[in-house]
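Please find the structures below.
The following pair of complexes shares a single chain, chain A, combined with chain B in the former and chain C in the latter.
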Partner chain A sequence: MIRTRLARLRPPRTALPYLLLLPALLLELAVHLLPMVVGAVMSLKRLTQFFIRDWSAAPWAGLANYRTAVDFHAPVGRALLHSFWVTCAFTVLAVGLSWLIGTAAAVLTQDSFRGRGLLRALFLLPYALPVYAAVITWSFMFQRDTGLINHVLHDQLHLVDDKPFWLIGDNSFTALVTVSVWRSWPFAFLTLTAGLQNIPRELYEAAALDGAGTWQQIRRITLPSLRPVNLVLVLVLFLWTFNDFNTPYVLFGRSAPEAADLVSVHIYQSSFVTWNFGAGSAMSVLLLLFLLLVTSGYLLLTSRRKDAA
Partner chain B sequence: MPISRAAAAAVLAATLVLTATACGGGSPSGGGGDGTPGTLTYWASNQGTSLENDRQVLEPELKRFEQQTGIKVKLEVIPWSDLLNRILAAATSGQGPDVLNIGNTWSASLQATGALRPFDQAAFERIGGKERFLPAALGSAGAAGKDPAAVPLYSMAYGLYYNRKLFAEAGIERPPATWDELVADGRKLTAGGRYGLALEGGNVSENVHHAFTLAKQHGTDFFAAGKPAFDSPGAVAAVKQYVDLLGTEKIVAPGNAEYANNQSVTDFATGKAAMLMWQAAGANLASHGMKPEDYGVAPVPAPAGATGDRATTSMVAGINLAVFRNTRNTDGALSFVKFMTGTEEQIRLNKAYGTIPPAKDAQADPAFATPELASLTAVLSGSALPLPQVADESQFETLVGTAVKNLLAAAAAGKPATDDSVKAELTKAQQQMPAN
Partner chain C sequence: MINPPASFRWTRRIVLGALAVFALVPVLVMLSSSLKPLRDVQGPFRWIPSTVTLRPYLDIWRTVPLGRYLVNSLIVAGGATVCSVLVAILAAYAVSRYRFRGRRFFTVTVLSTQMFPGILFLLPLFLIFVNVGNATGVALYGSRGGLILTYLTFSLPFSIWMLVGYFDSIPRDLDEAALVDGCGPLQALVRIIVPAAVPGIVAVAVYAFMTAWGEVLFASVLTDDETRTLAVGLQGYATLNDVYWNQVMAASLVVSVPVVAGFLLLQRYLVAGLTAGAVK
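After this line comes the complex of A and B, so read on.
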């Protein structure tokens, strides 16, 4: 009985794959696309705390929020542009350094030696720690008068005459990059260590026979072989770092110093601290467009080079 | 084969149903609490030394309420840093607690969201009448001319805490009453790694509270006719005067510019600073081993001979109790408000937290007659004014507080504030206010 009824319900064979994909599609719609559309609609509204209970009742603002966000002569636009440049500099530095340290560590621990397992485990520690706990510890260390950093720099090594501030003023940028690199290089290390496993040892042996030194081996074998891994790694690190919210928020609280005012925190502040959700949404949409542009440009560029190679 | 196909169909159907429910979850009307008349959900702000401490203070009281009314209260203590966002999320979704604590300076802002139930005449009558409360505390419960959005629960005011021993050593006989005296005393007290005054420069709210008091003393306000006027000459002078305590007068340690976790209280308690402007610091000082006889509390200085608003020495600080508009148990919620603001509970709770009861009948209890609380009570009823009760208050707090934080950071780095630098920061803050 059941069999025949099911048979009648059975969809045509060609539709089945689509039907099976449907749940994933619906979930994707609900989890990603819908909020994005809602965000885009919000960016066209004059959404402040007065309409927070029923945001659909907020009056339409047209493109006013976007105009405010990109009016670089007015304070809001100028502050956004400033935080954009800060974020770009931060991303380039943090991703670059994380990648360099990760690569160096992966290459150095490639050959087995006594204590390698322990060292690798230690390397991964920052990655395993809860973000909040790790960053708040850094913020204690960066305190001017009681922090470990100034204690070492000033009291022990006598490198600086006057104890510098790390959490306010211009040095906050250095503090932010330091913590970010500390957090993300283990990921680069992990990914690249996995990538290195796939390079056949014979290549190195052959190269060594041909008289290639360590540096030449790294340049001619290791780096080119890691290229596919690196393409993904750099992209992922770029996206994570550009959007990083946790590190600056935990380090500096809800109002970051100007020198370390990352776009993510800046948008948060516009939306949730000054309660200007419309402008915050407009900034988010602009950020999304920028990231899409960079990502697709990057993918296009790297895939073309691969074709040419 | 047919069985596996049937299984596939079942899985597909289950997934579809799950997806569908996940999408359409919740009814559009929403509702506060869990909808059971016999229970209430209460969000308490973190008042004690820790969240756990708050639970220890509140749980027995909630049990007493349950014994009296049969209504069970589910307690959630929320840290300050999260409270405003949690309330906002509750307002947006309509899903929130039945009763909640709010910072009294947010009253008008939250009132404007429409998320809180107004306390009209009838509601006030249910909890014993409006006249039971200190007028200053009621003044910070919502915009003027509207029914308050909340009722006062714990009150506080700023006082000038001074270290008696250090004052005696420096030959200073009485606490400073004017700013000139404070600076002069501060210079005498600043020596050998010790400073005259401790500030909490990285704390945005602290900054704005002091900026407000000083602006009042300069005869101005940060709002004119409900519109932001952050960079008026009086406001600029007020903020500059505050920042100069660190930058020009150098009676505040530069390191104070990054304090945001009550380190200034610690500095005062450990004798690293001789004065501190704080609200109800007693319990905190005691936890650092400082005895009540070690310090005195005087009003924060005012200009010599000031009267009226110019003699303001504090903002009205405190916590209010509000009822969430979407509660399904208004009756129970009001009973709870009545219980918490009743004389007996006011005495117990304010005693536990070292605060001043805004319910006047509770103030007679000897627990509030300590020199510290007596001094702060006098400030609260005599020379304290509420922060501007405007819908944009919460934005004002953050933007102006951040401007002062930036100026203090610059001063700490050796770039003392100028009229121009202060005006520039305040103008920027004002222009970041969303246009409503």
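After this line comes the complex of A and C, so read on.
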């Protein structure tokens, strides 16, 4: 019935859906796709600050920029590879922790209890705060002599003898992961909470009648029914975290410490601080290829599993 | 859960309590430090200010032109939100209500732009803006219009995706009845779909506003002194010799209040929108 009505809707106005899509399509083309093509062309050019006014006049470089980017024996390539591994470790940790905390919070707030509404609002605070205001506050908290973290660790709990530096050296990785998890778990919480609302209450009642305890209900009903939400959530968290620029940039400034040198900041630094736009573009293209590979692999794997189930 | 046991209730108390502290501590730091005189924030940290002062809240407007940044951010984020919501409604209506050639290609293309790292098209976009300016005299680089144009595309894919889910959940009979009654498709959209999808549209608007209000990377490259937004302006409290941490915290609080208030008021819609759209 609905099919035949739809068929009646379509014929006289075939152009309409395209007209409706046109604004969105033009905007995406202008701001995302066109610049990407330009970026790909730039990565083949010997592009330095002298050619900013007219970049098309820069001499062709062939694949030289790419060779520089992946020559892991030379400084540029070695630094890129290092920052790639840092980003991978950072992403796995931050996404894993955010997902874990978000799941725990969503499952534990599923039933109503006194103060649940207030707690939910509190949990969403990190997501609602503008990133620069929140991260700047964290960078204040991580200050060695005047910050809250060292005050608590050293003065109040006496856990460390010497106040550590958090924003330089190896600890900067811990600091970065902490801030990133703080910012992104509320999104996991929000999405999973929405997913939990689709579970029919009768399922729990039936399980309780069959003698399943609370923890068993969570393991057998709640967690399995979150799987479709998790498939999307993990991918979105992965892309946001892997590409995150705002957090390290506000926390550390233009150049991040080596231990927390994420790829986005690394490329920004190579392009805008050392003025090597060609190499920066080549690195960007490589990054995109990597993300395409991971995303399509993930989508293939998860859609196959869905078919099998 | 039916009649949770004590072990569950205790786990709940402990875990949720710890998470509330984790979520809240930076806000408490913001608040308490914004009420301290400068010498206090330059010494060891204290939870409670020894002297409470409102000076930082007065000084923030003079140390940097915060008012101008605030206006710029409001114009940019507001403009991007309005445009993005309008464009997303049109596109989502087409995807939800029509079967046409290229429908799948469109959704995949638009969604995949979500995954591009911003750094990838920042520099090309900058160069395109400069070139367009040179060729046509339309100043995009350094203008609020250029930033609005950029930002509205950031929230667009997610907005379209969420609205398609939301529109799908509105019974087709509703707008088909309108079409039978002689409405055009656009009238059906404006009179039937949009009013029925208000929660979804509000959710998308909140998302678009927050995306634009919080963006740092493009704001720092594509603006000039006149058009700087809060995202970049807040860095002004750090001078070569000193960081006015009390003013930084006061300013952070001031710029956070509008978005946090709006978000908390409208979060109900955001959850509803997520349920209908993203979660499917």
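Annotations
The rule is simple: the second predicted complex is superposed on the first by the 282 of 309 C-alpha atoms of A that agree within 3 Å, B and C clash if a C-alpha of one lies under 4 Å from a C-alpha of the other, contacts with A are read in each partner's own complex, and residues count from 1 in each chain.
Here is the rule we use: a residue touches a chain if its C-beta (ideal position, glycine included) is under 8 Å from a C-beta of that chain, and two chains touch if they have at least 3 such contacts.
Predicted, not measured: the structure shown is a model, and the values here were computed from it.
Contacts of A:276 after superposition: chain B is touched, whereas chain C is not reached.
Residue contacts after overlaying the shared chain place A:257 against chain B, while chain C stays out of touching range. In the superposition on chain A, A:76 makes contact with chain B only, while chain C stays out of contact range. By the touch criterion stated above, A:136 is placed in contact with chain C alone, chain B being left untouched. Looking at the shared chain after the overlay, A:30 reaches both chain B and chain C. Of the two partner chains placed around the shared chain by superposition, chain B is the only one that A:50 touches, whereas chain C remains out of contact.
After overlaying the two complexes on the shared chain, residue contacts for A:106 are found with neither chain B nor chain C.
Of the two partner chains placed by superposition, only chain C is touched by A:232; chain B is not.
Once the two complexes are laid over each other on the shared chain, residue contacts for A:145 go to chain B and to chain C alike.
Looking at the superposed arrangement, the partner reaching more residues of chain A, out of chain B and chain C, is C. Once both structures are placed on chain A, chain A residues 2, 6, 9-10, 20, 23, 27, 30, 52-53, 55, 145, 272 are touched by chain B and, in the other complex, by chain C. Chain B meets chain A in the complex at residues 2, 5-6, 8-9, 12, 15-16, 19, 22-23, 81, 85, 88, 91-92, 94, 109, 112-115, 202, 204, 253-255, 257-258, 260, 391, 394-395, 398-399, 401-402, 405-406, 409-410, 412-413, 427-428, 431-434, 436. Of all residues in chain C, only 1-5, 7-8, 11-12, 15-16, 19-20, 22-27, 29-30, 33, 41-46, 86-88, 90-91, 93-95, 97-100, 102-103, 106, 109-110, 112-125, 127-128, 130, 134, 149-150, 152-153, 156-157, 160, 172, 176, 179, 185, 210, 213-217, 221, 230-231, 234, 245, 248-249, 251-253, 255-256, 259-260, 263-264, 267, 270-271, 274-275, 278-279 touch chain A in the complex they form. The touching residues of chain A, when paired with chain C in their complex, are 2, 5-6, 9-10, 13-14, 16-18, 20-21, 23-25, 27-28, 30-36, 38-39, 42, 52-53, 55, 101, 104-105, 108-111, 113, 119-134, 136-138, 140-141, 145-148, 150-151, 155, 182, 186, 190-191, 193-195, 197-198, 204-205, 208, 213-215, 217-218, 228-229, 232, 236, 239, 242-243, 245-246, 249-250, 263-264, 267-268, 271-272, 277, 280-281, 284-285, 287-288, 291-292, 295.
On chain A, the positions that touch chain B within their shared complex are 2-3, 6-7, 9-10, 19-20, 22-23, 26-27, 30, 46, 48-50, 52-53, 55, 74-76, 79, 143-145, 163, 165, 167-170, 253-255, 257-258, 269, 272-276, 278-279.
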